[in-house]
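Please read through the structure below; I'll follow up with questions.
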């Protein structure tokens, strides 16, 4: 019985069996919840269909709560969380399980006597119903693999962007603070300017007006945009690579089209895969 | 006779024959229509040359209508639409044939008793006269081939951008709604902020003002711009590849310059071609 | 004598000979002219040093005029412009010679009775003194080579960007014209919005405000920025390639590091060079 | 004794020895100083904890001064600065030593009778306490190596961007000066527009309004953004390459996965390393 529930809840690999229908039902419910969150945010729709949204909310809470409890209960059938109670707790601390919990928790808090004002804030947590979909979205798994493979690159480039952001914002704060004390009022405030400039978004709500500030801002923009484009470039290269490996079945050298003999599948060898990162 | 018309209307491969002149005439007429649409949109020109534009409009409608009817009539000479009437209907449902129809349709609707206010809106359809040029523009065919070859990449990256857009906008809506209820009034409204920020356009009409909103906005900008640059990067790599294949006649390995023996033309082998996607 | 002048004026390949000093003198004079153009544009400096700028202007005009006349006179010593008078005229029509002419022409026009108001406009032509430096700037020659090698890519991508710009602006004009008749007043006017959005500059002076306009604008931004990044990407790849060829002397395969035997220098073989465009 | 101090101050390679603890202490102190600089910039925090910040400031000054003096004193134990006094002076002129000096100097200037107004400006120098961290941050060393390896590319691309910036700004100044004499008041002023447009930041504080200015601005945006993206692209490629070399231990051809025999380590051969710059 417990094993059967576990099988039903885990992501199905064959289309059309019962577990697949459970997946399809849960994915549909998640997507409908996302749609509901978006629709409820629109005043006229919220007012007009308040009743229906409430009923749907109760229904979702019930389903997601049952799902959550069953997942926790059956967790120790997963070899990774084998030990009776410690395994269940360990599973409950994985990101996916936390998303599942946060998706239903706000509903139950009033029973424990929570302040109503805080509760209004907790509707934010509905967004975790969207994040529940990560379990079923292979594309997000792909992102995960890219991040793992390119960990060093990401760490280095985030250190560099953080360093540049602090240096640029500190300099700019000292230069522009006198001229615009309201906009460059502190270094953390100036970092808003820094991020928006270095990502080249440039809303135009904050910008230097002194000649020195403009000179500094121009230099920062030219140099810094290159640094801030690093994580994006690393991610793009890794992503392109991951997909290429998924698609690649042929055993021909990508350069010269000649068959490569006695070489195990490229896709399964991360070392070689990494070697073809020609970006 | 029917076969002759078919040959005349299809895109000519040899410069200077009659079919080529028909192409040239139609392309010229399309380009003049585009010019007319642009010029008519300018108030002073529209007022001054109203008569000439009207005459040109009538002339274009006549030519494009005849062209459309002839194309439909001769469609079943194309092996793909061989069956007598079903073939013609199938052809009429291809994008190119629909563009041809929409390019002339608005003119004939008044005869069927359409509302005048709706008709004014239908002038939008004139833009389909511009889209008629796709038939003759090889560059657009190239885009098409890139999209087909990189289908998986595009699907995955659009799912990711869509997912990120929804998550980012939902979070931002909850965070900024209180401070700016007019600008972050609903999640769909906030998505406008999301798209403009994540594409790094940053008009500056909507931006977060609360500290938490700015922190969230900054993180979204840094991470998200990388994701939103994915489709662009995939397209650029595929485009560069397609053109390289068109240009490549030599049989040398692009890596080491050695001749590759007994290997059929690389350009004609999409599998290998895809293998050289070093991006 | 004529041959000697020709040698002196052409770009020297050996440091320290007389021709090199002529080059150095001319380059210095050009750079000083650029500095003068920039400084004169600043009101307080222009007023204070009017006399010095005028003297420097006369001196530059004299030198550049003599330089121009000598270049035209000696042009037919260049094998490409060998024929006595036709060669000289042909040389005078090359971009470099036209830059040389436009750099001095405005000064002489008053002698032919030009309107003073037009003359004030002609100060724009001083910028051609800056463009004279192209003769000596190897980096600009490199750009030229990249453009020649990647001609097809540039032509195709500029056709695509032009096509997208027209389609996007026409749609947006029809959608937003009613809501913002002053900003989206005509299709050419809307193209300003189009360029600033598709290049992701996003000044924020023009943006859609209707829901349909924002939906359309968002889609255009996501798709279009990829297309508009094409020329930049092509140029970057070609540029990187050109420099790599200049630097590359080794005869090893860039992929596997093994020496390539019996293969002439890669750098001198544009065909192979083009083959290594892995971008 | 002197040798021992030298060893303690130089960056430790083994975790856990005394020199490592000295490094850890100094890095912590630098990071706390950075935090202090950021926190002090926020009015309420500065007012409330003035005393603590002052005490921490005195403590930091003492430590950093002792550190600086010891580094200068022991500099000639470094083989590069071997000669008794000249070596010490040479070391004192390296960027790292100058950062160390500037990080403490402002504190001591009042003793030499400096104007108080200038002193307030000197708090900018506190930022050099952040720059002291470069000694310990391997990621910054990586940037350095990338810049050295790609020197030619950077020089050429910076010349091109500078050239384009001057030409674009000069043209724009002449075109827009009449219509917006306050915003395009001089060429240096117009360069602010140029940088912000060409980096695609686009704050929206300055933009052309005349039809000719918009046409010119649009062309500059399309062409120029490609050029301004060059340094970023070069840096990204070089960065990606450097990291790949650090990670790469395997001796397989990245193209075809076959082992490469009798070939010394790729990473240590800059020539080959450069050859794999497929960007």
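Per-chain numbering from 1; labels A, B, C and D assigned in written order.
Here is the rule we go by: a residue touches a chain if its C-beta (ideal position, glycine included) is under 8 Å from a C-beta of that chain, and two chains touch if they have at least 3 such contacts.
Because the structure is predicted, anything quoted here is derived from the model rather than measured.
Trainee: Touching both chain C and chain D: give me those chains, sorted by label.
Mentor: A, B
Trainee: Within the chain touch network, how many edges lie on the shortest path between chain B and chain D?
Mentor: Shortest path length, in steps: 1.
Trainee: When chain A touches chain D, do the two copies use mostly the same residue numbers, with over half shared, or different ones?
Mentor: different
Trainee: If you average the CA atoms of chain A and of chain C, how many Å lie between those two points?
Mentor: Going by mean C-alpha positions, chain A sits 43 Å from chain C.
Trainee: Taking each chain's centre as the mean of its CA atoms, how far is chain A from chain B in angstrom?
Mentor: The separation of the two C-alpha centroids amounts to 31 Å.
Trainee: Which residues of chain B are in contact with two or more other chains?
Mentor: 200-204, 233, 237, 254-256, 258, 276, 278-279
Trainee: Looking at the complex, which residues from chain D come into contact with chain A?
Mentor: Those residues of chain D that touch chain A are 34, 37-38, 41-43, 123-124, 127, 130-131, 133, 137, 139-140, 142-143, 161, 191-192, 195-196, 199-205, 228, 231-233, 235-237, 239-240, 243-244, 246-248, 250, 252, 254-258, 276, 278-279.
Trainee: If we count contacts the way the header does, which residues on chain C are in touch with chain B in the complex?
Mentor: 152-153, 156-157, 159-160, 163, 166-167, 170-171, 173-175, 185-188, 197, 200-204, 207, 214, 217-218, 221-223, 225-227, 229-230, 233-234, 237, 253-256, 258, 260, 263, 266, 269, 271-272, 274-279
Trainee: In the complex formed with chain B, which residues of chain D make contact?
Mentor: 200-204, 255, 278
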